[in-house]
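A, B and C label the chains in the order they appear, each numbered from 1.
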Amino acid sequence: MTNTAKADVVIIGGGIIGAAIARELSKYSVDVVLLEKGPDVAMGTSKANSGILHAGFDAKPGTLKAVTNVRGNQLYRKLHKDLGLDIKYTGSLVVAKTAEDMETLKDLLVRGNENNVPGLEILDKETVLKMEPNLAQDVAGALWAPTGGVICPFGATIAFTENAVRNGVRLQTECLVEKIAVEDGKVIGVETSQGFIAAKYVINAAGVHADDISRTAGDNSFSIRPRRGEYVLFDKAVAKLVNTVIFPTPSKVSKGILVSPTAHGNLFVGPNAQDIDDKEDVATTPDGLQEIISGARRVVPNLPLNASITQFSGLRAAADGGDFIIKQSDSVIGLIHAAGIQSPGLTAAPAIAEIVGNILREQGMTLNEKADFNPVNPPKSKFHALTNEERAQLIAQNPLYGRVICRCESVTEGEIVDAIKAPCGAKTVDGVKRRTRAGMGRCQGGFCGPRVTAILARELDMPVTAVRKDTNQSYLFFDKIPASCEVKSNG
Amino acid sequence: METVTRRLSCIVCPMGCLGEVTLNGAEIAGVSGFTCPRGEKYAREEVTAPKRTLTTTVRIKGGHLPLLPVISRTALPKESVIECARFLSNVEVKAPVSEGDIVCANILGLGVDIVAARDLN
Amino acid sequence: MVNTYDVVIIGGGPAGMAAALSARKTGAERVLIIERDRELGGILQQCIHNGFGLHRFKEELTGPGYAGRYIKMVKEDRNIDVMLDTMVLNIESDKIIFAVNPAQGMIEIHAKAVIFTMGCRERTRGAIRIAGERPAGVFTAGAAQRMVNMEGYLPGKKVVILGSGDIGLIMARRMTLEGTKVQAVLELMPYSNGLTRNVVQCLEDFDIPLHLSHTILKVHGKERVTGVTCAKVDDNRCVIPGSEFDIECDCLLLSVGLIPENELSQQLNIDMDALTSGPIVDQFRQTSMPGFFAAGNVVHVHDLVDFVSQEGEIAGAAAAQYANAELSAAEKTLKVSGINGVRTVVPQRISIADGQAQPVRLFMRVAQTEQRVTLCIESAGEMIQSRKLPIAKPGEMIVVELPADAAARCQDQITVSLKREV
């Protein structure tokens, strides 16, 4: 049984790119549906990356990476307030240890200037150590980029999606795209686990699976090899170790192992870069964790290992070719790729969305601005950030704001219920976590986990045993076993 | 008659004294190493007819919590502990309950009562 | 509306309740217990096994049974107020407390003395950095215990437990009684930290394998746990290459350590002991900030709830005296520290004031299991007290009482150490 659903544009992939494109297109009178195979957006690379707002000196001038990085960085300044994003403008330092490194810094400076990155400057050892006293004492200097910063990547994905949905975009989660349907060399729609959706335009923002999805349409023009990066996240109590984003001098393959604050006030180190085959392998490894800890220690020797609170890894969608693939397919009309998006993809996202909009126009689509487009997400109540008076007022409106569920991060039941009920609301425990921070503190959900589970069950009107942690089948708890079942008795 | 010496740790109190029981076939020939009379009694029982206290939960309806912790008033034969626990998983009582109320009398005919371990309203 | 109390106690578990009763007995007129859960009792309410109260009540009660005794006494005293479902958000150094609950909203409380009895939290997977995937089914043992014993759900049906301390052992039995299969208990050290009785009753009774000197390298499973990779470790707790093996399971329970819950103490910049992770306290359980006291697991992790109650009583009495301006300021403060095999000692300070005439109980833990040692309490080269210990284990707190005059006579710091038989 198939649903006969249709849209003007289908976007495949609820990551930061798909979400940014959805939000961009929601400005226009276009019927857009965003498809995501997991129960939530930001389930792939978008929730497991460095969360850096790149200044833009790293990418080769003239490439899409370079252009979209700088443009995206600028666009975030306004999006910050409109969408309610978590961004800290910390600036970033690329730290040099040797004379050879210092030469590389000079190359980055030249490149950055060519890319129109504002404010770049090479700082001497003394200045750098004054800015960052916990760096290794044998640093030689650093490239300072004041427009660099940190941004919560899954928060941004959710915020883009929410604004898109508020402006009319349809979001379908747990919807796996199996095939892009093509007739006479033109896209006619997508076959999904929830039925067929007819559409003339399909945007391929499917992350590590972008090549697989493209192949179903007959377009074999690129391939994606996942490159895994592991991270260790530290307690907020040790976040003062560094004030800015610390990069090592980059190699040809990767930007290297960072030591960085996060937008929420934690500290992280990572990532390494390991080419793997399995597109579903987001395990951390003992060797990988050791690699990033050793790498980070070269730059910041006194890493407080006993303050680590979690580890995770993410997959970069590394395309052969090296640059972003943002273009109309050469072989299938109506198929537009936004693929091969690795660093600086998060920063570039809003700019990539603009380019995709332009490609649609070039393909003959009329994009008429909606008169009632609202660029602003309603601000969220964040109990931990309010004054006592503001808190009292909030609780008077709704007593659920008076029950603290996550005591590590001071998140109340009211905020958790809001996160579940919002457009693009949370359906899983980790979905609640990513929207409210409940479970991101030092006890990692030990206290709040069962409580969040119970709240989800209540709000979504399902049994506790139906609540999932994150992925489609990640059920957390089971009913107790009735006595009629076979039981092993001891002698 | 075979003489066997078994080494046991006493479980009566947190001290966990390590002692020995010597058996001549099925008869106890000697007990040593336990520092109190309760320990000796435990050791003798453990090698002949071991017993255990059972603590588990039963379901409770109408209370402010869904489960009621229960305890066996006296110790059960060790080999029937799991069976009793599984039996109790099907038992449901009604609130209010007082600590000591019998939840299951003479469980599985073993002569041991299972009682509420707390008040639950 | 401002609430004023003589003594405010944060945390209504065994330490907090004992403190409240003791404060009242010592003359505090108005006492408040603030508790974040829906009832008093703290962690005891989920500890449905027995073994509690042998010292205090001369009986072996279950956790809820022990809690019930104290809850009854607290309820009977009309001068002890209790706020349930209430979270303390912050405390200022002048003892103004801001708390919140759904019924009353933001609450401001003024105290003359404050007692921290917040207990502890569990060490997480992230803190010990177990690699692998992050599927559903990895829980700390205490969180799982709450789900099984109070909410009525199972965390899994085929379980591996990391950590053979009492919590891990108790959960091995609990999960077995609930009809699940406990595949193994793994322990990093070459010995179990738990009580011998628990190794017998929880593992041996059910033929659950205990792998000493083992650790977990990886968790497997994309959506739900499918298994773990374990390995043997050497004397330095380093993985022995080639010793890796997999155990199939859908649930990993972590019993890898408890950490005193010290958000509030740290907010106030109270001096902390890096070894206990709790505040530095004197024999009255007063912290470095006058009028702020601490007792129970928030000071150092206990094995016996009887000692927790005892500590609560000490803090409660002293807090009441402080509130009534009856607690003499210290003229001299002795430092107490553990060296040479003694890892932690509480109290870390002894306050000497005029008329100091009470004995002082020292609670300590050794760094590793040792046999045939002598515990020595010394000051300025002089032996104040000693005790022969046939065996000393890190998992069992040692209590020694210093006679009243002994501490008063000391001029210098007191050290507690182990002297091994040559």
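The rule we apply is simple: a residue touches a chain if its C-beta (ideal position, glycine included) is under 8 Å from a C-beta of that chain, and two chains touch if they have at least 3 such contacts.
Note that the structure is a prediction, hence the values are computed from the model and not measured.
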Contact-richer chain pair (by C-beta pairs counted) among B-C and A-B: B-C
Farthest-lying chain, centroid of Cα atoms versus that of chain B: A
Centre distance in Å when chain A and chain C are each reduced to the mean of their C-alpha atoms: 39
Whole-Å gap separating chain B and chain C, where each centre is the average of the chain's CA atoms: 27
Separation of mean Cα positions, chain B and chain A [Å, integer]: 54
Shared-contact residues (touching 2 or more other chains) in chain B: 78, 81-82, 86, 89
Where chain A touches two or more other chains, by residue: 480-481, 483, 487-488, 490
Contacts with two or more other chains, residues of chain C listed in rising order: 151-152, 178-179, 205-206
Interface residues, chain C side, partner chain B - complex: 38-39, 45, 48-51, 54, 60, 62-65, 67-68, 148-152, 174, 176-179, 195-197, 199-201, 205-206, 303-304
Of chain A, residues touching chain B in the complex: 480-483, 487-491
Touching residues (chain side chain B, partner chain C) in the complex: 9-14, 16, 18, 52-57, 59, 64-67, 69, 71, 78, 81-82, 85-86, 89, 99, 117-119
Complex contacts: residues of chain A adjacent to chain C: 232-233, 237, 280, 282-286, 288-289, 306, 308-312, 388, 391-392, 395-396, 399-400, 402-404, 407-408, 410, 413, 442-444, 446-447, 449-450, 454, 464-465, 468-481, 483, 485, 487-488, 490
Residue ranges of chain C in contact with chain A within the complex: 36, 85, 87, 89, 98, 100-106, 108, 121-122, 124-127, 129, 131-137, 139-140, 142-143, 146-147, 151-157, 178-181, 205-207, 217-218, 220, 222-224, 263, 266
